[in-house]
Amino acid sequence: MCGSMLEIKLFKDQNLKGYTLIEGFPGAGLVGPMAASYIIEKLKMQYIGYIDSDLFPPITAVHSGVPMYTARLYADPKNKLVVVLSEFTIPTNAVHVLGMELLSFVRKNNIAKIISIGGIPSQQISENAFMIASQQSLIKEGQKYGIKPIEEGVIAGVSAVLLTGASDFNIPMINILVEVNPEIMDPKYAEIAISALNKLLGINIDLKELDKEAKLVEAKVREMLKKTKETHDHYNKAAEAVEPPTYV
Amino acid sequence: MCGSMLEIKLFKDQNLKGYTLIEGFPGAGLVGPMAASYIIEKLKMQYIGYIDSDLFPPITAVHSGVPMYTARLYADPKNKLVVVLSEFTIPTNAVHVLGMELLSFVRKNNIAKIISIGGIPSQQISENAFMIASQQSLIKEGQKYGIKPIEEGVIAGVSAVLLTGASDFNIPMINILVEVNPEIMDPKYAEIAISALNKLLGINIDLKELDKEAKLVEAKVREMLKKTKETHDHYNKAAEAVEPPTYV
Amino acid sequence: MCGSMLEIKLFKDQNLKGYTLIEGFPGAGLVGPMAASYIIEKLKMQYIGYIDSDLFPPITAVHSGVPMYTARLYADPKNKLVVVLSEFTIPTNAVHVLGMELLSFVRKNNIAKIISIGGIPSQQISENAFMIASQQSLIKEGQKYGIKPIEEGVIAGVSAVLLTGASDFNIPMINILVEVNPEIMDPKYAEIAISALNKLLGINIDLKELDKEAKLVEAKVREMLKKTKETHDHYNKAAEAVEPPTYV
Amino acid sequence: MCGSMLEIKLFKDQNLKGYTLIEGFPGAGLVGPMAASYIIEKLKMQYIGYIDSDLFPPITAVHSGVPMYTARLYADPKNKLVVVLSEFTIPTNAVHVLGMELLSFVRKNNIAKIISIGGIPSQQISENAFMIASQQSLIKEGQKYGIKPIEEGVIAGVSAVLLTGASDFNIPMINILVEVNPEIMDPKYAEIAISALNKLLGINIDLKELDKEAKLVEAKVREMLKKTKETHDHYNKAAEAVEPPTYV
Amino acid sequence: MCGSMLEIKLFKDQNLKGYTLIEGFPGAGLVGPMAASYIIEKLKMQYIGYIDSDLFPPITAVHSGVPMYTARLYADPKNKLVVVLSEFTIPTNAVHVLGMELLSFVRKNNIAKIISIGGIPSQQISENAFMIASQQSLIKEGQKYGIKPIEEGVIAGVSAVLLTGASDFNIPMINILVEVNPEIMDPKYAEIAISALNKLLGINIDLKELDKEAKLVEAKVREMLKKTKETHDHYNKAAEAVEPPTYV
């Protein structure tokens, strides 16, 4: 659409040089949002910015009483992490421009690395993490930690745009993939992904508590995506309704 | 659409510095338009401007014999209020740009505060007002008056765009929300919202007469939304009809 | 659509200062086109210009052997009238831009007044003319001639855009409305409208002959709208047909 | 669509001053393409240019082993003729811009006259040629040759846009129309049109051989339109297919 | 769509002067991708660049562990070849702009010749290669090698845009066409096409091993197109789903 805009905005200037960007947009099995939410909570990351676009559904989330953009960035200066996630599946016509904007953002801020977290629909589900990387050296590194490279395949969505762009611009990027049953959400998926992430980044996001907290966090993610969808659909329906509600 | 325009226009220059903008676009239960209409009538507010857009249905309302834009602004210098409302549900593709334009309008005119009035579809309907605020201090203020903060949720429409923007630009904003049955319209809803508004702004919109006048005002709102929809649909149908009417 | 154009063009420069613009685009009961056609014929008005747009159906009308744009302007210097009419219902996505262009045209040419002619779908049909006016003084004037102001209502289409714009730019405008059964066309409707017009403008369009000529004029209007629609639909169908006609 | 282009391009500079442009785009009964193809063949006209647009189906025709644009211009310096035709029905959203571009082309190249050839769907089919002309003097000229003026009617497509534009820019133009059964193609139609053309231009396209050659030429036209449509549809289907063909 | 982009990008500057561009986008029988893949593999061509567009599905392919754009360019300096292929059927609204960009690319890089490989749906399937060429001299050359010129026909897709453009800009181009059953994929098709290519370019792509390797290569092509489609469809479905997956 003409005049459509998409903007990544930080509330204030941040020095993100050397950070790792973790991307957790919704996809198969919702591994990305589950893992991203848990990491944000566990590391008590700061809400530092958002992505706004008229290609996104016009909805706002409220968390702990605070209104928030539904696509947000969080930072953790200690571990040098930026997490980006959204509370709605990125509409197909926004995927390309969002991926391109994120790549510009990474380059402009001298972010050192991108890690994308997603699921691969699969009949049999192993406990292994898989990966696609933008550089051969990253694959070798991943293999040391037992992450299996995917030899042949096709991926879709923002991480697909990021991967080819990262490869092209020489940005180190790993797409961590977990085998999922796309019909269900399982905290296990997030555990496998974060465990791989810990090894790759040499950080230590505590997974012992994930057992306790998982159900809560995940239920929240699921509830949020459902509510987001319902609220947006409800609005659209009202905008098209022939009759307003009846007078009592 | 390319070349699409949306413009907020005042009939003449107005000093709105320090005013509060009350937003009452149609949403669940039509609380916004009911409350906005009642306030405009009760405070004998002045019709000071309008919003025009080729993204809106091309219709015009007639009130007391005067043709009017269907999205209008009213001002009350005494209480320093500007009310914005529309006689049609804002089309989904106009929500984002309208919200952004309203935020520019607020900033350009040094408007001090935004209060948005809406409904939340709910199974059980209490007599409580709820709120989402752009700043923690506003929540505390609201709580003093018995308005309950919403901890987790999702909202859609222009007030959603306003809330995140207000939060971002540091504009004080409260979204007053009333539990509603979206199938019906009830003057009670407006009463709860205005009562909260009175407390928050320290003003005194007379609610005693709302009992008497409510049915009239509300019936007018409902009639208007129905007529707006019918007229627009009638026009569209005519534009697509294969045959003109038969000659008598 | 991008690059879409809409242009009001006069064949040669005309001094229209002080003229009244009469708008008769198709709407409920086709009162506008009926009245406009009759006035053009009766006053032997001159074809002075047209409106062209790629938002209009790409069709051309032939009248008395002359190809003509299907949205046209006619002038009568004696009575200082410009009539604008179209042989197709203005497509919904062209209504706003057309109304805005007409307002620019009125202002640029110092046209003094706008009179719009339309129908209001109604169960009971009186012989009264109704009106919506852009200024209170015009309502008083209309009432002197027995034209009843509409207190509350909603109108759609080009006349809706003209009314709010006229009101905003301080252009005197009256929308003459006749109660119609939208299923039929009745020369009576045009008679009521023109009779009101005569009084408002202090002119004398002969209505005695309308009885004789009405059926002819009106049948022509109806035939034209039907043909326009058929021809356009026929073309669209051909453009989408899978097979060309069979070879004989 | 934004950025859409439409371009009339000649392979090399041509002096077309004083030429007559003959337009034969597909329409009712395919009279235009039949006549245009026959004229091109009979006069051994030269392929001098083409019309390209991303609003056209992305297809290419092959004639006598040569790939060709599917909308082409041919010239005959002896009779001072330029013929324009297309092998697909012009899509509705391209009609207006194509007509406008052709008018610019005519004016820029000082082309003296436009003759458009088309069909009018009709129950009874006479052997008469009919016409619509941009100027009264042309109608008189046509009548001398027994071509009957159409008094009232509506036409659609590129010739409609050309006619009003020609009339407006003072370009002599005649639209030759033949009564057709839109379900069939008949060489007779082309004969009637070319016969009228011969008289109007004082040229002599040999019609004696049309009997012999007609079936061949016309079958080719029909075959081409069918193939064009099929090929385009086949491509679209493939682009949307869920599965590629099965491996043998 | 406004702001839509399409870009052909090389990873580093390449001297492609005098090269032949081989185009193998998906079409009937998938002859193009089969032949292109085999040639790339057999000649061990280098991945030198890609085509990116927001008109393409937002997907990324992974081959031998490396993420790749799904529309790619490969070069072989020894035989002076550039191969362009895609792992998805080019969407209809991208065909024209892609063809135009490729022509610019050819001209800017002084590429000497274009060879396009495709299939023609056919009832009887011969072992002959057919051709359409942009120049008569090329047809004669092709005929020497037993490639039969197509006299009359219509082709669609990127090769159609290339052919007319090549013809117009005087770029030597041959479209090699193989008769195919569009329902199946057969290594034979690729063999016929490459065999013609060998003769036309005076090169020697080894076909003896095609028997051995064919099934592997072709199965890969087919698998890829299927996966690409599935992945893209899966993503679109998720973006529109009302409910996220159920929590386990």
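We call the chains A, B, C, D and E, going by the order they appear; numbering starts again at 1 in every chain.
Here is the rule we use: contacts are C-beta pairs under 8 Å (C-beta built on N, C-alpha and C of every residue); 3 or more make two chains touch, one makes a residue touch a chain.
Predicted, not measured: the structure shown is a model, and the values here were computed from it.
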Smallest count of steps, each to a touching chain, taking subunit B to subunit E: 2
Taking only the C-alpha atoms, how many degrees of rotation bring subunit A onto subunit D, rounded to the nearest 5? 145
Compare the two sides of the subunit D and subunit E interface and say whether they are made mostly of the same residue numbers, over half shared, or of different ones. different
Geometric centre distance via CA averages, subunit B-subunit A, whole Å: 34
How many angstrom lie between the centres of subunit C and subunit E, each centre taken as the mean Cα position? 56
Which positions in subunit C touch two or more other chains at once? 1-3, 230
Head round the ring from subunit A, going the subunit E way, and note every chain as it comes up. A, E, D, C, B
Using the touch rule from the top, collect the residues of subunit A that touch subunit B in their complex. 1-3, 9, 11, 50, 52, 54, 57-70, 87, 220, 224, 227-228, 230-232, 234-236, 238-239, 241-248
Could you pull out which subunit B residues touch subunit A in their complex? 1-4, 26-30, 89-93, 95-97, 99, 121, 132-134, 136, 139, 149-161, 163-164, 167-168, 175, 182-187, 215, 218-219, 222, 225-226, 229-230, 233
